[in-house]
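Here subunit A shows up in two complexes: once beside subunit B, once beside subunit C.
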Partner chain A sequence: MSDRKEKYKKVAYYHGCALEGTAQPYNTSTRAIAKKLDLELVDIENWNCCGAMEVKNVDPEIQTYLSSRVMSLAHNNMGQDVVMAPCNGCYHNLKKAEYDIAHKEKSREVVEKISAKADHPAYEAGQVETIHALDWIKFGYGEEELKAKIKGGLKGLKVANYYGCMYTRPRHIFPEKDQGGDSESTSKPHYMDDLLEIAGAVNVEFPLKTACCGGAHTLSDSDTSTKLVLNILQAAEAAGADVIATECPTCHSGLEMHQIRALKRMSAQTNVKIIYFTQLLGLAMGLSPRKVGIHENVSNAIPMLKEMKIA
Partner chain B sequence: MAIHEKHLIRPENIKTHDNLVIDGVDVSGHWSTFIETRVVTDYNEQLQEEIAALPGGEYIHRCWQCGSCTNSCTVNAINPDFNPRYWIYLIRMGMESELLRDKEIIWQCVSCNKCTYACPRDVVPEGVMKATAHWLEMKGHTETTPSTIFDAEFTRQVVQTGKIEDGRILKNFLLNSKQPLVQDWLIEMVKKMITNLPIKFLFGMGWATIFQPKTKGWGKARAAIEEHIAEEKAAERAALGLDPIK
Partner chain C sequence: MRSVADIGKALDAPLPEGDPAAAALFLLHSGEEILEHWLSAHDKIPTDELKEGFRILALHRQGAKGDPSFNACRETARELVYHYNLIVLDPDHEDTPNRLAMMRLVANHLYLFVSGKMEVAGLGEFCCSSKPIRLNSV
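Moving on to the complex of A and B:
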């Protein structure tokens, strides 16, 4: 669809809190790719947290307001009609706010009330389209065009693509998914697989693509999270993967942290490396490991990448 | 599709006799096991309404007990006692005392939304789990759970400044939940991060700890959010018949 190519060429970039903290390499690599592919990312000035997975448990409408404010900034202050969020949490919350504002009167009322008090235009459903970094590359740049940009490639690196919870669930907030054709599937998502295959990876048959890492309770119920993560790491290794490709900062840091915790507390060692898909794409395009922040990851993939002559 | 069912007969209600003669007939062996008879009289007829009055619990009345939630549940797979379908059943029946037997694990829902995805009746079981966990806390049946402590600290920062900072969340959560700041796995993780990028890491973390990230001109939004949350919390307490917080 070429209209999407036009539409996604310049997008409002909502990186959110995590990408300024633990998930900096996701931010670094996303920006590096944008530069390489000549896609324009315009930062949302004076953005705020979307509410992550926590604020809704205190008050769901406040979470909707927080996310709506970001979309209001993009539409009203920047004149952008597309917001690109690489973080699954941000992406999920903006999508959910969009759905709730369109379908729930209470959500709409609270957003209007607080926006008025905070002196900014209330977001109205349909003013922006929220997309994930996966949509942005797949349709904004295009798969055929991406093929031409691969330099060196991933040389058959065995990858388990891990999408997590928030990219596909619950289904109703993603009306564009499960529509057949080139739309994303909520039960067997494949956009990351598609892009990494173009980049020269061998995608292993990974049954836990949309399993949960326990991210919401990564600190408050660490034992549960460690068990869930260990299950994912071991399944990836059993499937023959060298790397788990991630597209969510919560999943990514959860896998990193509980890989260590599983070793410390359960004496369970796993060696699979955890790398953001944007980092892998960057490497495949010939960017240096430093340019895509590989050294900032906790699981050290540098020796493996060097051995395979990817880095 | 199998329904992962909780064994409804609790061990303490199963009575086995080594030698048993009833009406002159020796029924020792397989025939000597009985379930303790009981009559349930302690219904809380308000239970479903109270859960429905809390955020997330609104659609509990739609449930028709198919069990898709429990069947798809992430936590159920590692702890078979974690059974959303069963708890929804108990709440709808008003069987509070039965529900309270599981009060220490209900908060462990990881919000993966597999249940909400699988539910054919749009009950939003994930929301019901959150509402139930909050109900247990508000009624004083459980201590404030680590999950609620984490949510409260996170929300406090967002409401105050518009943004959060990972290091500060971690530190305050460990302090608020009375856990040691020094954890073996945490040290190991920080060590790995420092070896890879010593200066940038230390500088970045130090900087963020001193100068908290803020959204400019957040004051008015903050006041409006605080006011809204206070109103909602008061309404929730009233719905549960609790006194307002002074």
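Moving on to the complex of A and C:
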């Protein structure tokens, strides 16, 4: 058994706030997959917000502390050395906190000071490894093993894999990426492509896989967000995709909401469906659409999935 | 140099027909112009240098210096170069019309991203490398 397979078999699960709200189907499908693959997710008790975008804009050191507390809980309270965060925002912020604590004296001072005040051990760099759901499945279960789990598969479903901006940027907080071999690429990420290909999808060439979805401005400048999303949807359709696979709750919600808004405000109709990659993997393994929360998506993919005999 | 709005309008219009290489060059130049606007708005003189043989990559590098959130369009700029190369190296390829259509969408994304950032710069940077712009007021 490989090192990572052993290490990722049981992980501290930090789903964050989005997966309890708008991204509930991502949570549902992640848990369903874990069960199917016999991977253990241990919820972090008494978790807090990672600092998201809002706190970071007010005081980045507070965001570092908030993320560090999550990692401290995993290490000190649960004895876990791996935190799995499926949300790109959480994943990004925990990785950023890890980097800052390892490299910035000021970050360490703030974390130690607030941790002491909050009466819990301060997180120290290197105590846990933060991974994304993509790492978790790719290495915690293994690609060869995943092949054996596919039942029915995705039957040539054409997929544009959309990673969004936070999974790979900024590059320096992801020292394990761009290392060649089986490491992830920050300029052309491929882990989701790899997993969905195993599941029977045909990945289309999609040049906007890390492009901005306008998520941060969805309320302050909705029109810009709608135009950015519409462009992504149109590019996916031009690439021949039936589905855009997502792994970020902010991107996913943005694509779903602005697809509707583009139709209402700009009379621009697009038909490509938006589905979390964990939902697609679950379907490929023979789980029912309900089990992976397809009915909870805004983007109604059920007729298309039925027509293709995937659901 | 065209205005930002004029670049947007030109990207919405049908591409010139008959010469794929010229159309690809038009899209590449549109991308360069968008980045020139970004740099000018930040009191920088857009470079005429090339990076990996392309000015657009040098312009992006210049724009991202000290502003890591601008890296969010790094791949978009690189995809423009990639599509440009595909089209110019083999303009008679059967996929050229599709490649041009995709290149137009990529150029449009760069335009939307940069023009959006220029409009709402006071509201905060994009999330990937959020800049603490309100730090001075707290």
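Just so it is clear, the second predicted complex is superposed on the first by the 310 of 311 C-alpha atoms of A that agree within 3 Å, B and C clash if a C-alpha of one lies under 4 Å from a C-alpha of the other, contacts with A are read in each partner's own complex, and residues count from 1 in each chain.
Keep in mind that, in the parts below, a contact is a pair of C-beta atoms (placed from the backbone, for glycine too) under 8 Å apart; a residue touches a chain by one contact, two chains touch by 3 or more.
Being a predicted model, the structure only gives us computed values, none of them experimental.
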item	value
Clash-or-fit label for the pair subunit B, subunit C on subunit A	clash
A:Glu296 touches, of subunit B and subunit C: first, second, both or neither?	first
Of subunit C and subunit B, partner touching more subunit A residues	B
Contacts of A:Gly200 with subunit B and subunit C, given as first, second, both or neither	neither
Which of subunit B and subunit C A:Ile114 touches, first, second, both or neither	first
Touched partner set for A:Met53, first subunit B, second subunit C, both or neither	both
Partner chain in contact with A:Gly89 - subunit B first, subunit C second, else both or neither	second
Touching partner for A:Gly140 - first (subunit B), second (subunit C), both, neither	neither
Contacts of A:Pro25 with subunit B and subunit C, given as first, second, both or neither	neither
Subunit B versus subunit C as contact partner of A:Ile232, first or second or both or neither	second
First, second, both or neither for A:Leu208, with subunit B first and subunit C second	second
Subunit B region in steric overlap with subunit C, selected from 21-29, 39-47, 75-83 or 93-101	75-83
Subunit B and subunit C footprints on subunit A, overlapping residues	53, 56-60, 165-166, 169-171, 211-212, 214-217, 220-221, 224, 227-228
Residues on subunit A engaged by subunit B in the complex (per definition of touch)	17-18, 20-22, 24, 46-49, 51-62, 65-66, 69, 110, 113-114, 117-119, 165-166, 168-171, 186, 211-212, 214-217, 219-221, 224-225, 227-228, 256-257, 260-261, 264-265, 295-298, 300
In the complex with subunit A, residue positions of subunit B that touch it	55-56, 74-75, 78, 108, 110-114, 116-117, 124, 130, 134, 145-152, 154-155, 158-159, 162-167, 170, 173-174, 177, 184-185, 188-189, 192-193, 196-197, 204, 208, 213, 215-218, 220-221, 223-225, 227-229, 232
Subunit C-facing residues of subunit A, complex	53, 56-60, 89, 92, 165-166, 169-171, 187-188, 207-212, 214-217, 220-221, 224, 227-228, 231-232, 234-235, 238-239, 250
Sites on subunit C touched by subunit A in the complex	68, 71-76, 78-79, 82-83, 98, 101-102, 105-106, 108-109, 112-113, 115-116, 119-120, 123-135, 138
